[in-house]
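Each of the two complexes below includes subunit A, the first together with subunit B, the second together with subunit C.
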Partner chain A sequence: MHYDLIVIGMGLSGLMAAKTATEAGRKVLIIGKGIGGLALFSNSIDVLGIPSLAGPETKSLKDDLSQWILDHPNHPYGKIGAEKIEEALSSFNALFPPPYTFQAKNGSNSLLPTGAGTFRPTYLIPSTMMKGTTIKNKKILLIGFKGYKDFYAQQLADSFLCRAVTLSLSGMSQAEINSTTLARWMEQPTFREWIGTEIKKQILNEELVGFPAVLGLKDPMGVRKDLEKRIGLPVFEIPALPPSIPGMRIFRRFKERLIQRGVTFLLGHSVSKAYVNRERCERIEVLNPPLLTSYTADCYILASGRFMGGGLKADREKISESIFNLPLSQYEVREKWFGDSFFDDHPVHGVGISTDSTFHPIDESGRPILENVWVAGTILAHHHFIQEKSREGIEIATGYWAAKQGIDSL
Partner chain B sequence: MNQKSWPKSNSDHCIRCATCMSICPVSRVTPLFPGPKQAGPGAERFRKAGDSSENEWIDLCMGCHLCDLVCPSNVPISELTLLAKVTYFHKKGRSLRDWLLSHPSQFGWLGSSFPSITNSLLNHPLVKCMLDLLFKIDRGRPFPKYQSPTFRQWFKTHSSRGEKKVAYFYGCYTNTNEVEVGRATVKVLEANGFEVILPPQNCCGLPMLGTNDLKGARKMALKNIPSLLQTIRSGVDIIFSSTSCGHMIKHEYSHPLNILGAEEIANHTFDLFEFLRNLKESGNLNIQFKKLKIKAAYFAPCHLRSLGIGFPALEILRLIPGLRIDNIEADCCGLGGTFGFKKEKYAISQEIGKDLKEAIDRLNPEMVLTDCEGCRMQIRHLTGLKVLHPVQVLGDALL
Partner chain C sequence: MKLKTEVLIVGGGATGVGIARDLSLRGIPCILIEKGDLASGASGRNHGLLHSGARYAVTDPQGAIECISENRILRRIAPHCIEETGGLFVSLPEDDLCFRDQFLQSCEAVGIPTRLLSRDQALSIEPELNPELLSAIEVPDGAVHSFKLVMENAMDAEKMGANLLLHTELTSLLLNKNKVNGAKAKNLISGEEYLIEPSFLVNATGAWANQFLRLAGLKIEMALSKGSLLITNQRLNQRVINRCRPPSDGDIIVPNETVSILGTTSVRSDEAENFETTPQEVSLLINETSRLIPSVQEVRLIRAYAGIRPLLQSAGVNGDRAISRGFTLIDHEARDGVKNLISITGGKLITYRLMAEKTSDLICEKMGVRIPCSTHLTPLSGATQASDVKTQLKKLNPTLSKEKKEILCDCELVERGEVERILIDCKLKEPLDILRRTRLAKGTCQGGFCLYRLLGVLHERGMVQKDSSNLLKGFLEERWKGIRPILWGDALKEEELIEGIYKGIFNLTPTHPSPLEEGQGGGARH
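On to the complex of A and B.
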């Protein structure tokens, strides 16, 4: 089967690329094994969360981003520029009309409480988490659930210097529950009625109630509104351990839009091989045992992610890119991959594919290697998204603009 | 990854990311099932080769394969769980109930010989009560109705003509319970210039997998392989209208059943709508449609998702003028083939189905279309709506 554009990878960058292409009227195939970081991380939208941009003084992110880009021209943002990053973020936002929206507080970063009891700077915040930005100034009650091991309300309360209450779910004393089960229960009025009553009894003088981020998958604002009514106080969510419900909300919205627009949506299969002839990718092959199926397109977006998803592979000696065997940048001997301490900024995180300003992969001399392949997402070189707190921003901006480059070439 | 090294049953590849936990329909509705992460690679670390699983909860896995689709590490999660289940039940022994549920083909012919008696008996409250108490087949689950004549019998009286030949694997359910699906399939294929032939065939064996009878599944597969091989070797492709039978033949005959010849057959076996989509790509699809003013909703069965062909039925149906077709945003109907008939699993099956029902209610369609007979049964049970195979609507749309 032939497509205008094939997107390899179904994480946030792949999804943005597919959305961009289908909204431009193109025939798109997106293929991915797993859903990337959307299942795992907090999934508020980080753009650039370095310390100077994380302070209480409200600096506009856009201005500081422009300066930062000038200082880091090789960074993926360097190929895009602050204005165009803004455009990509708007495109993402367009998928989330009210009531569940992603917004920046005062146009700058805010500090959000995390499920580890710390704070992290982030930019676009979903409506259900926004009130968490006021946590330092308010009296909070945190809610945990016995058996839900991915969120320890009491531990967070010790960190945030507030109170916590852990609800015992009747009949569930032996069982472990995960966030998907809990999120589903939250969607049931009888469950909310029960916990609403329980929590109301526990309130002393608190002004705000914090839940783990499990306020439903389909209608989080509806769930929250109902809880607020029953408890009598405003409510917010704090991201917990995987599976990430906020991330699943994002994935579901993309999936809905892409399928509605006729994108061929192949979740569950990976590209086993790409066939390249004279600087052009001719086709990709997908292994769904025992079958090998080929797909062709005029252009390809490689958004296969880093090590967890297998976009990059590392063994004891070397790192390689799995599909096209593209050369990698920032690549040193193994002894130099890691810092001494776990929380160091490890050099290996900066390894990835170097591209020119149009997202074509390039060799050491800067020459584009594949003329119909564009690279997007965290597989790109020269970023350290963990330290920078820039993951979603990189995924959204590069996914959007790499796809635009691809479409322009058609 | 190349063809020679497709996923081995290596649980060490699991990085415990819990993405599978985000999609498993069973662990979403009941904490009794710890989820695919635990059932598959997790518990595997405690099972030595040949050891059975220690826990009955292993049988709560429906075999929907959704976990496989989201695992970034290529762990064959549902296969690990299936093999553990098989070993568990091999040691424990299987019940007569499970034999009954997995061998519908044995008495399907009986049902179709005396359909009115069979249908009234099977759905009589007293009989259902007895089946519930004696065999633990939940009384809440309606049995499908048997029809006469069967699809095979009808086909004998039908003369199929066309320039090229195509072989149809119709499946037990089409034969005895939904003959109209078979007839619509034949109509659509003939309208595209194909003469339809029916290769000798038996039950694909999938119900045996659902009752953890690997040996039984192998037996059915070995019965089918010779005739299917002969068919494709004579240059005729095989199509299936049931995504469950199709998935069994295309994938499960190779893994985990490891049947010789399965790979060769898989390369020439296609889902009906996948086949039609290929015709469309080459400009050979008959698109002479009349206008159908219907508001329908489409549900993609789990086995279809696992086939990795996208949603070809949705793509083809969108070509019909006047037809409004929305994709239902839900992941699993909850029936799981034989799973939802079992008394100890009925409630779980219905709880999973609740999410689907809500999604359908939101769309408010006149009818629901889906390629799997199990899903059709379940959606009828959940909503009371008219539920058809997409080929039936396509057949109606042809001029």
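On to the complex of A and C.
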């Protein structure tokens, strides 16, 4: 089967690339082993949350980005530029019309409360979490659930100096309560009625009610509205341990849109081999035992992620790229991959694929290696997304721009 | 607080608690102080080997005799802390067969039963062994749950009246010419200070022996040797697998419940604390032990750790492997003229009971009383508890029991009830101590998820108040020491997940101020 563009990887960068290509009228195949960090880590959209910059809630993100790009020309953002990053973010935003939208507050980062009782600087915030940015000035009641081990309301209450209620769900017949179970229950009106009544009884002088981020998968704003009606107070969500329900919402929305637009969606499959001839990828093979299927395309987007996603592999001696065996940016011997403290900015996280300004992979001398392959997402070199708080921003911006470059070549 | 007692024991390792139990059985009152938790030194950082003595038969026959004798006693008094695995000494083509013959003769001479197995016999009982092997010798090695052994001794001693003060550090000694009149100690958590006035003082501090003796102006010749070990995420062998050659690095693989432990190295160390396993040691251990079991090259490792062996030096010996692993009992009255001070050091986990017996005998002799030791006859009180397979399975897998349970640690199936029970029963003041008392955080993710959950439970129980992110950071740094040396392959993938959670979603940073102390006015307080 032949396509205009094949995307390898179904994380946020791959999805963004597929969306961009299909909206340009191209025939697209997207192949993914899994859905990347989306379902684990993504709640809001981090773009750049370095505290050493002027800091959150002070400067506009655009100014931060411009400064960052000046200081880090090799960073993936440096290849795109602040203007075009905004363009990519707008394209992402267009997927989420009201009521469930992603918005920035005053064009700058906001501090969002987290499930560890800390705050995280983030940029685009989903509607269900927005009120979390105001908790410093409000009286809050936090809600937890007995037996739900990925969120402890009392721990947060001790950090945020507010009150917590942990509801017992002994009436529900379920062996284990996790984020997914809770999100499913939240979609049932009877469940909301029950917890809503329970919570209302517990309200003293609070002004806001905080939940773990499990307010349903399909219609979070409907769930929230109904809870607010029953409790009588505004409600917001707080990011919890993985899996991330808000991340799954993003995935669902992308999947819906891509399938609607005719994108071929191969989830649960991985590329076993790529055939390269004279600096062009000719075809790829997908092994789904006992079937081995070949696909061809005019251009390919490599968005296979880092170690967890399988884009990079590390053994005791070396790190390598899994599909094309592309050269990696310089890295040290294993002894130096990680620092002495867990909190160090570990050198291994900077390792990745070096590209030219159009996201073509390059060799040590800076020469492009594959003329019809573009690289996107966290597998790129020269960023430290965990430290920078730039995960989703890099994925969205590079996925968008790598696909644009691919389309332009057609 | 002022405390009077007959014997003050300093050090809560196997030796210290062994002495506390021995004295208590003899009816002699004692207090034990330990600056950390029980077994936080070498007693909790070893390969958990129930030595048959065969390893020392050629080089140290006296040590070998002690081992085989204690091996038999421990099987009797602590069966619940032991897995009777048996052991093999495997000869590979590059090993000198003369050593094998010498080994067989030496074992016979010291009374260690052996059986020579052919290559095929050995492979049929241990299929993961290197098929190149020439032969294997069966010996009565076993696996011992070292922390459990220490805990059981401590609990027994406490039941009989011994007073155990954990997280309590010795700060000074009150000396009067030829006698120690008192010891000052401080609880490191509550800050409470003690003045303890014992008739006798025992230094059972292992690697810290000289730090203790410095307080009395004394010193003994002692070397510290770091031994590093690796834990695999699955059990590769049923028996203890040894290399049949003179003692050397990477010559043993000990099975332990669901994992195998690869050991060990021997590196001279200057410090009793703040040491870690180097990547070079990791490579050396993998390369050497994979000669015994080749799949070590591919298996996922879950943690590296190291312990410090206190070795007594005698003149004219070259190399730490040649320094005696035997123990030394020092009567400081005879050596330095300090009447009521005794040091017990060196030795091995397996000889802890014998070391305690000899120390207690010396105390009795100094007291002028004749009460015989009974630790070799009296089983630990936990030994009588039922431990049939069904009960153990139920404990291991709570889903088998009908009750609905909340699993905190998904890797090791540790449920919340168990953790809460221990928090209450042991009256734990230091949250990290729970990690030595359960399998929590011992599995593949090494606490990546359950440390966060433990913290949540501590908050719900009111054991932690206010912002606890520093506690969480402490957990994570402790965890890091063990996993940093083994980060490649699947372990590296998992690390990306854990960093993504704590440094990503939760934005924990080493310098991050607590959320409401950012100078923007408290806000949510009410």
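Odds and ends about this structure:
One rule holds in what follows: the second predicted complex is superposed on the first by the 398 of 410 C-alpha atoms of A that agree within 3 Å, B and C clash if a C-alpha of one lies under 4 Å from a C-alpha of the other, contacts with A are read in each partner's own complex, and residues count from 1 in each chain.
FYI, a contact is a pair of C-beta atoms (placed from the backbone, for glycine too) under 8 Å apart; a residue touches a chain by one contact, two chains touch by 3 or more.
Please read these numbers as outputs of a predicted model, since none were measured by experiment.
When both complexes are overlaid on chain A, the residue A:F96 reaches neither subunit B nor subunit C.
Of the two partner chains placed by the overlay, only subunit C lies in contact with A:I135; subunit B stays clear of it.
Contacts of A:P242 after superposition: both subunit B and subunit C are touched. Residue contacts after overlaying the shared chain place A:E176 against subunit B and subunit C alike. In the overlay built on the shared chain, the residue A:F160 is in contact with subunit C alone; subunit B does not reach it. With both structures placed on the common chain, the touch criterion links A:M308 to subunit B and to subunit C. Residue contacts after overlaying the shared chain place A:G147 against subunit B and subunit C alike.
In the superposed pair of complexes, A:T114 makes contact with subunit C only, with no contact to subunit B. Once the two complexes are overlaid on the shared chain, A:F191 sits clear of subunit B and of subunit C alike. Overlap of the subunit B and subunit C interfaces on subunit A: residues 40, 147, 175-176, 241-242, 244, 308. Residues of subunit A touching subunit C in their complex: 37, 40-41, 43, 49, 51, 113-121, 135-140, 147, 149-152, 154-155, 158-162, 166, 175-176, 205, 239, 241-242, 244, 306-308, 313-316, 334-335, 337-338, 340-343, 348, 386-387, 389, 391. Put simply, subunit A touches subunit B in their complex at residues 1-2, 29, 33-36, 39-40, 147, 172, 175-181, 184, 241-244, 248, 252, 255-256, 259-260, 262, 264-270, 272-273, 286-293, 308-310. The touching residues of subunit C, when paired with subunit A in their complex, are 278-280, 283, 286, 399, 404, 406-408, 416, 449, 452-453, 455-457, 459-460, 464-469, 472-473, 476-477, 479-480, 484, 487-489, 492-493, 496-497, 499-510, 512, 514-516, 520-526.
Residue ranges on subunit B touching subunit A, taken from their complex, read 1-3, 6-7, 15, 17-19, 21-24, 27-32, 34-35, 68-74, 250-251, 254-255, 262-263, 266-267, 277-278, 281, 305-311, 314-315, 318, 326-327, 329, 355.
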